[in-house]
């Protein structure tokens, strides 16, 4: 008897978008089942239906042979379905413990904080990582927030566990740990549905895979019986080149010079502690590190969104320390933040989001030239293959990956001289990932300087000409790409000076 | 697509109104009144005297904007009330002492803007929630202006009134055209343009929707708070100025000429969906109801509060466009 | 009773009147409610048709007046309250065929089509001042107070009269009286009236005069609490309508201001074809102001009774209680002073000043406080 | 002098009740993410209905109960509109204020042929300690403030409720029925406001008048912001405003009593004291604002 049996699922969103067109999705008990598909294929939608968050327009769901109709997630949780979202669903201002408590209440309304605390500690022991229980979630790095999510779901004793792109923000070591945990759970008979864009991971961990395409199932296959290339083909119906052709870099003059920079985080603690960096024309400098080691603060200080209290930043021979962000953008800096919540205005439409960081580019004497803005937006949508029905669609109605494309794409089309980009391929499908990476290399070849901040070491190793490793607000090491291996990076990121 | 959207919007509005008036009719029947008679009077008199209607809606358009503009930038301005008071008062003083209506309008708008800015500034620089400030400031100015009119700037001929706007500083209609209404409409259009066609408006909107995105884009959300309160306050202040220069020509010492216009503005702003063009229509709509309500009392003998009740019901029924949209969608689906 | 048989079989069209209230509308226990009473009486006794209207705001007054005048539908427009002064002044000349009656204010202009009816509130307030002073002494104190609404011209006149009355009492009896006059800044906030009264009572005021519409309803309730919580003994006085029935044990007397009579008179002039434009002032002599006698008290208690407001009491019981309290607290010597003063006023021996400006008003109050009673008088002298 | 002080304190304790009850109620509502600016309307409607019931039964406690019930009904209406029908919460509140005023007055007219005030009704006796007097409801207001604080911050139910106001999507994903919680929070908040409205009559004035709430609903709204959404501070807010209001009345009377100087037009200036003082106090004590993040936004799932 299958654990999950979703039949003929159709989903039409209120704005008329048909996200699922009669999907059949069957997961056997005790397997890890991969769910693959391009951005906007309908993966999240399908899982949100299974989790009871939204209702299907048509179709039936059976759980362990019994038909269910969930009234809401609480209903699903009681039936043993747990979910870790692509965008985390934790209450930001609550502490971790409060969040865990909140989640546990839907299972056991009588549970006390002490019990939750005990249980949480047990589970942390069990999965082998720790999260700080007494800090507000919003003050934690995304990677840690994700761990909270996983602990949370595990504490709920879910029989079916859904993970929507869980690895996109984890380091390889963390991913390994996660996989160990998942395998352990499988042993205990827990059924796991795993969404990812990384074929390597699919191969590594799943037993079977279902591939979705434009709201329809392309097929369900045993993982052992297919190669990564087969999967890629099923997804995008063409061959995908997995490695990028990259000519050696021809670095030019220094365009960004950071000296002894000190920056505080939101809590007022030092997050960047005396960083010195140089970035040259025509090179990609990768910054590797575990989330929360000062990358965000560094990037924001460079972009001018966050004040540095010591040190200097020089851009193209101009001292920009203390210069407002918008002035820096005008000088040719561009910045892609690691959070879509920051980079995008969810309630604005595509065009309005595209001009967010390029306002002066579409205004003439304070007037917004909407024609021009639309042209640029169209350009972004076309070049980056954004799946969207109209430029007037609110960005919140786009799938995660398509939002990401808009956020990165709008900066790329500006052809910035200095491009600070954080997690550029977060949540993108392989085709889009490949395209964005290729574009970054092209920019480099045009002589632009790129500062690539990523927790994805493959990405760092694949794209960077030079690499700097950041740990607790300091640069642990910096050097040519060739000097680093995956293992060495992993150690350095953990603070071990090998 | 845009065509369908437009049809949808229009349908939504028509539907909202139809349902609102139906609910109102039910309430009227329950209360023992003949809805057809009441509505006939309401519409005939409420919307029949165009000049009156235009004048009546003039200050309401302005206080509607006073709520809407800050609201778009994420500020809840219930201080339109006092911003209108100071606008009316300072415009009156200016007109009295200079005989210059244009200057009076400017001064009134500036005074309102200053007060709006003050509320915004307390929030930005002192972290004081604008709701407290606005409510407190409303009452403070109510009493201060009461004092100034009753005790200082009263009209010696008619001591319950303030000194009047001099004859040559009054803004009179040109033929059948209400000049003050035209000014209000022009201001609303200007605000519309500002919000949707200029970079300032864009910044305000981004700041209101997502302050962190605004910061990322290099806009200062605090500035948006201040600017929007400045713009909103200016609108309310100008509304007060237009009221005294174009309609009442003085303020009575109980402030009955100005009292309540700011609060009504909140409803107007929201019914107009915080959109300047929408606000023009919602102000006309509500003004008609208010005017007509007075005649319902005269013609049917119903207590004047019947109009308040009816208006309340209609406004509540207009609060739920989502439902009508859903019904519209269901109907559209059904037809397919 | 005489009006029961209205002019029957009159072939000509019924006289039609519109009564336009003040912005606050009915329910003020004061001139709006009194105007309604007068108009309703006219309806019954003179057989006229009356419609009512409450303007929403000051800005509605001019357009409404114009529209009503233009329609020619009404033989008379009765405007209640001083807020109509300016608007009427603005439109009256444009509609010479429309008759207007302005109650409780004047445009200061004599017009063919306009009657302004005013009251000499000082006269009633002076009597109330004497009575309050007398009652305060019966209650073992020498302080009287007033819970007043906003600082507006009609209240200036009450203030002058009340203070005059207290000082007059002082002069006649040699007993000092202290007056605490408090503007609450509102005619509507009942709780402020309650709190204000409590504070005045705490300052030893024994009798409070309510001059603030719904605000002084709160004052009545404070008086009740003050007595019933054993904090002391104190009494209240109402104004305009007879308000004794609210709490007959604690409200022995109310001042009258017969807006109803004024409205009735204006309508009567039209019905009887005796219309004459001009300014009319009603005082004690014309029965336009005064204090409510027991008949009046009974009449209003009857209204309350019919509306179901007099729970467990009959109008007669109300009258009896009021009668008893009056006898207990208003001693004959006080009535003597009241009657003597009333006589002087009625005979025209003394005439009160009506201040034209705020300064003049303050000046009069200042002089009165110094004991200079003549400062309040236009004509005559009491020294 | 000591009598004066006790009198001011009595005034304060009596005036604080509706501000605190409605303030705490609104805090509960807002903590769940719903704004109800119809407090003024609830005040009027519950004040009126409790007057009617108390008048006919003679039992002010029953009047109080009816006030609460009317609060609950108003809350159900507002909850339906703002939670389930995803309406605009502010418009609904503005409309409700107008409706509640109108309907109460219409009923007043048809019941007692009066446009302004009802007859007097029995009141809940005040508690008198020496020359200090306050209402039993004063104690209730304190208790409600404490209880609400304890419930919001120390119980699972409170945790759920706050989650709905902070991040409804996350709350929903963690198994909270956001609609239901918001709905109940609105109902409970309105019920407390209803209690405050009934108090205006059966606990304080003993009579319904046309403008019985006289803007107190808005002051209660300000109290919510003043308290920084903390029920304990809402008690303080109520006391503070009540105190300054009493003081603003006391000062001119006392000055007049001592010096004989009458305040005429300047009386208005004294009336600004409570408002100015509140602002000043807020400016001094204000810390970081802890407004619920999802406040006022309808939660639409898809």
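Per-chain residue numbering starts at 1, and chain names A, B, C and D are given in the order in which the chains are listed.
Just so we're on the same page, a residue touches a chain if its C-beta (ideal position, glycine included) is under 8 Å from a C-beta of that chain, and two chains touch if they have at least 3 such contacts.
Chains and their UniProt names: A = Sugar transport ATP-binding protein; B, D = Ribose ABC transporter, permease protein.
Small disclaimer: the values here were computed from a predicted structure and weren't measured.
When the C-beta pairs in contact are tallied for A-B and for B-D, the bigger tally goes to B-D. Distance between subunit A and subunit D, defined via averaged C-alpha coordinates, is recorded as 46 Å. If you average the CA atoms of subunit B and of subunit D, the two centres end up 26 Å from each other. Inter-chain centre distance (subunit A to subunit C, centres taken as mean C-alpha positions): 76 Å.
In subunit D, the residues that touch at least two other chains are 105, 115, 215, 264-265, 268, 271.
Across the assembly, subunit C contributes residues 25-26, 150-151, 185, 358 that each touch 2 or more other chains. Contact of a single residue of subunit B with at least two other chains is seen at positions 143, 146, 150-151, 303. Looking at which chains touch one another, you get A-B, A-D, B-C, B-D, C-D.
Residues 14, 303-305, 324-329, 335, 337, 341-348, 352, 355-357, 359-360, 363, 366-368, 370, 389-390, 392 of subunit A are the ones touching subunit B in the complex. Looking at the complex, you find that subunit D touches subunit A at residues 156, 159-160, 162-163, 166-167, 169-177, 293, 301-302. Interface residues of subunit D facing subunit B in the complex, by the touch rule stated above, are 81, 85-92, 94-103, 105-106, 109, 115, 215, 218-219, 221-222, 224-226, 264-266, 268-269, 271-272, 275-276, 278-279, 282-283, 286-289, 291, 298, 300. On the subunit B side of its complex with subunit A, the touching residues are 1-2, 196-200, 202-203, 205-206, 209-210, 212-213, 215-219, 326, 329.
On the side of subunit A, the complex with subunit D involves touching residues 13-14, 51, 53-54, 71-74, 77-78, 83, 85, 88-94, 98-99, 101-103, 105-107, 109, 111, 152.
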